[in-house]
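These notes concern the structure reproduced below.
Letters are used for the chains, namely A, B and C, taken in the order the chains are written, and counting of residues starts over at 1 for each.
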Amino acid sequence: MYVRVFAAVWLLACAGLALLAWGFEAPFAYDPVGPRAYPLLLLFLMACGAAWLLFKPHGEPTPAFDRAKAQRAVLCVLALLAYALLFEILGFVISTALAGFALGLLFNGRLWPSVISGALLGVLLYGLFDYLLDVPLPLGLLRLLES
Amino acid sequence: MKTRLSRIALLSSCLLLSSQLLAEPKRPECIAPAKPGGGFDLTCKLAQSGLKDAGLLKAPMRVTYMPGGVGAVAYNAVVAQRAAEAGTITAFSSGSLLNLAQGKFGRYDETAVRWLAAVGTDYGAISVRADAPYQSLDDLIAAVKKDPGSVVFGAGATIGGQDWMQTALIARAAGVDPQKLRYVAFEGGGETLTAMLGGHVQVTSSGLGEVTPQLDAGKIRILAVLSDERLPGKLNGIPTAKEQGYDISWPVIRGFYMGPEVSDEDFNWWKSQFDSLLADEDFAKLREQRDLFPLSMTGDELKAFVEKQVQDYKALAGEFGLVK
Amino acid sequence: METLNFLMQGFDVATRPTNLLVALFGAFVGTVVGLLPGLGPINGVALLLPLAFALGLPPETALILLAAVYLGCEYGGRISAILLNVPGDAAAVMTTLDGYPLARQGKAGIALSLSAVSSFVGSIIATCGVVLFAPLLAKWAVAFGPAEYFVLMIFAIACLGGMVGDKPVKTLMAALMGLALATVGVDSTTGVYRFTFGSVSLSDGIQFVIVVIGFFSVSEILLMLEKTHSGQKAVKASGRLLFNFKEFCLTFWTMVRSAVAGFVIGTLPGAGATIASAMTYMSEKRMAGDKGRFGDGDLRGLAAPEAANNASACGSLIPMLTLGVPGSGTTAVMIGALTLYNITPGPLLFEQQPDVVWGLIASLFIGNVILLIMNIPLVGLFSRMLSVPNWVLVPTITVISMVGVYSVHSTVFDLVLMVGLGVFGYLLRKLDFPLSALILGFVLGEMMEDNLRRALSISNGELGILYGSPITLALWALTVAMLAMPGLRWYLKRRRGNAVEAQA
């Protein structure tokens, strides 16, 4: 069932992308293939595959939809997204501490250990990467403290 | 008299030093819009070690990598997200300007940033295998004129990239439509050279720095370097295109820009540091080690140069049918 | 004889106390970096490059450090592949296929120690190959032009046919998705932007690091979430830590064969460890036939890709040292390191900088011994990694994945993209699409299209170039043989089946 839904969505996506790919035109090209043929070929093949799955999905049972599981997955994705988006704004240390805390809780950690592990991750990894390995990481809000 | 003079000198140098110390921005950073090890990385490293060795920058300068679109990603990030960072300088090259001119840098144009300094230049080069029938640029152009399909050009650039432009200029000199050439796009100069040494393409169009090692090994012949005059030093033996009667020159300048909202004070601090750096003899040696030739422009001079360059590139792109 | 003298000279350089110390440090750091999910040899070498330069190490020492890190990462990459089912880089994808099932069967210790020995055998054989063939192979590698590369890609994809298994349509779809993902970004022939949706951040396409971290680390985190909920225990290492003599004998020839194949593939510029590990895995699977339990915890399925990817890592030093052409992303970074020291890798390097070249080669031998010694006793320590509770492990994986992506690109866009790909990868995994096919498609896709179009630009559109040279013809022949094999085996099986039926 899920495979069918996915195949249907993918079929639509292929159609949309094919429309987009139709517009790939170079002013000129030295090879006879050009920038358009290869993506269109791939999309066509994928559409065939999706159609196949739509009409003849492999006979696997459909597991029951588990609301609690899905809820946690969504929460986890949201936490990851928030982490990514706040990475530069809040800076590495603060955003990591928050994300470490949130993920720790999601993965059944207790409150205080999660707080501590998050904070430690932020500070220690910042030290490791920024000072030892010379990978510059964003300071974010902490930049204000500096000046 | 003498002591007084030296005292004044000492005092003024102290003042200068302290004013520099006061104005030096926190957390200096150089954005290299490429992966580690690429040309932009070398540009950043050049500034990094140059500024440090000359004592012009106290805090260590970090190098951040931001690859994508010959600088497009970094350009957009600097303009949109890091516009006011006083400690951040970003490397650029002629290749970035070329893409900028063709509208491949998104919605920003060449006026969106503050052009800080150009620190050196490389030149384009046209080379063939040592056993190739072409002895000079004349031979090559004659062959292209006779039958554009008889010569396969290879270069590490897409259509519209720098190395392609060099090929197109050759075609123009031969009176041939660049679209009639046979041209193969590789990833970078190294791949192109290997393909040429393997006999898969006949001519390599690239930066000079990318082919000189093979020149030392005696495997290739450089038909022309695309500079206005002969180069100094050991590369003096390579003829320019100009002296062979073709008005083709293709400098590949390397330099830095800063965000649009950096204050005049900070910008001028960096400008004066680069001015002293570019006048420094040790820096000249450092630059030579990295296969770059002297070129010094800062501030308004560079801005004017960049704007003119972008206009020229736009004209060329239009002429070669790259923009409709 | 001359080679031997040079090699002795190299050992002289490599056994200087500083260089030995640096090799030890590099091997350790490399193993740790390779162990971290999402961080591979490219990250390791790239991270230490500025450090080596900042410390003012002489060129041969810096190169020894980087080579030790490179080797260490190849050793370390297998650990996360086996224990967490998260390949550190594309080359380790094949290691997960049998390594993870072994770990789940409680044989994590055996898997780890055996793969360490496989890595060792692979590296040592390949290093001997470097010594013998480095000067000779230079000529041969140059003969590979775009047409030859294109046919090589076709051959590699034909080899992937063995992965199809019991869900051909899904495998095919996954590979196609990988191929399609690779088309995002600037078209390297005409410069047209494809599928960038107007964003400059996609102008160079989606970087491999992001794809691999997204599809493997992030989706793994989401999968782990479910496991905690249902109360399942993570894989625990128990039983023997060391493989026994019988297991060693079973895999010995696999290691040797795979090492030789991996070395040869590694010497081809651009081909690299991914193809090497995939191809040797497939051919070992074929050779084992029905008796093998490949994909279900066969020791040979673990030994083959490990020996091959280490061998190809060493092999890729050949094009780097002799031609100045990187055979992989990592050697590209190492070429960058050499240029920092104003040493240009190329045909002249062997003559002008014998200390650097032979010191490096000698240090490969030494580094491997160090790594083997380090890895066997530390197996217990590495196996214990899994007893770290999820609420510590997951945030750590997350943070390091983020840093891994951020250090390469420094943009938030890529972080968000990574999460997006992770969610997509999670869905695909839930729907039972094999992600390893997707990753391999992604790696091969760009090379395949580019080389086809390059070949056709060279020939002015004539298809003849694709089968015009002896190399292409040989590769086509191999491809046909590879494709014919399953059919042939099916035919034989059916005949045998019929015979059995007739008897009964």
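In this section, a contact is a pair of C-beta atoms (placed from the backbone, for glycine too) under 8 Å apart; a residue touches a chain by one contact, two chains touch by 3 or more.
In UniProt terms the chains read A = Tripartite tricarboxylate transporter TctB family protein; B = Tripartite tricarboxylate transporter substrate binding protein; C = Tripartite tricarboxylate transporter permease.
Given the structure is predicted, the values throughout are model-derived calculations rather than measurements.
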Farthest chain from chain A by C-alpha centroid distance is chain B
Comparing B-C with A-C, the busier interface by C-beta pairs is A-C
Comparing each chain's Cα average against the average over all protein Cα atoms, the nearest is chain C
Indicate the whole-number Å distance between the mean C-alpha point of chain B and the mean C-alpha point of chain C. 34
Dist(centroid_CA(chain A), centroid_CA(chain C)) in Å evaluates to 23
Expected list for chain C, residues touching two or more other chains, is 50, 187, 189-191, 407, 410, 412, 454, 457
Enumerate the residues of chain A that touch no fewer than two other chains. 26-30, 88, 134, 136
Can you pull out the residues of chain B that are in contact with at least two other chains? 63-64, 81, 159, 182-185
Can you list the chain B residues touching chain A in their complex? 26-27, 29, 62-64, 81, 159, 179, 181-185, 321-324
Which part of chain A faces chain B closely enough to touch in the complex? 26-30, 88, 134, 136, 139, 146-147
Across the complex, what residues on chain C touch chain B? 46, 49-50, 53, 141-146, 186-191, 193, 198-201, 203-204, 207, 269-270, 323-326, 332-333, 335-337, 339-340, 342, 344-348, 407-412, 450, 454, 457-458, 460
Across the complex, what residues on chain B touch chain C? 31, 35-38, 41-42, 45, 63-69, 72-73, 75-77, 81, 104-106, 149, 152, 158-161, 182-187, 190-191, 194-195, 197-201, 212-214, 216-217, 219, 289-290
Sort out for me which residues of chain A touch chain C in the complex. 2-3, 6, 17, 20-21, 24-35, 38-39, 42-43, 45-46, 49-50, 52-53, 58, 60, 68-69, 72-73, 76-77, 80-81, 83-85, 87-88, 92, 96, 99-100, 103-109, 113-114, 117-118, 121-122, 125, 129, 133-137
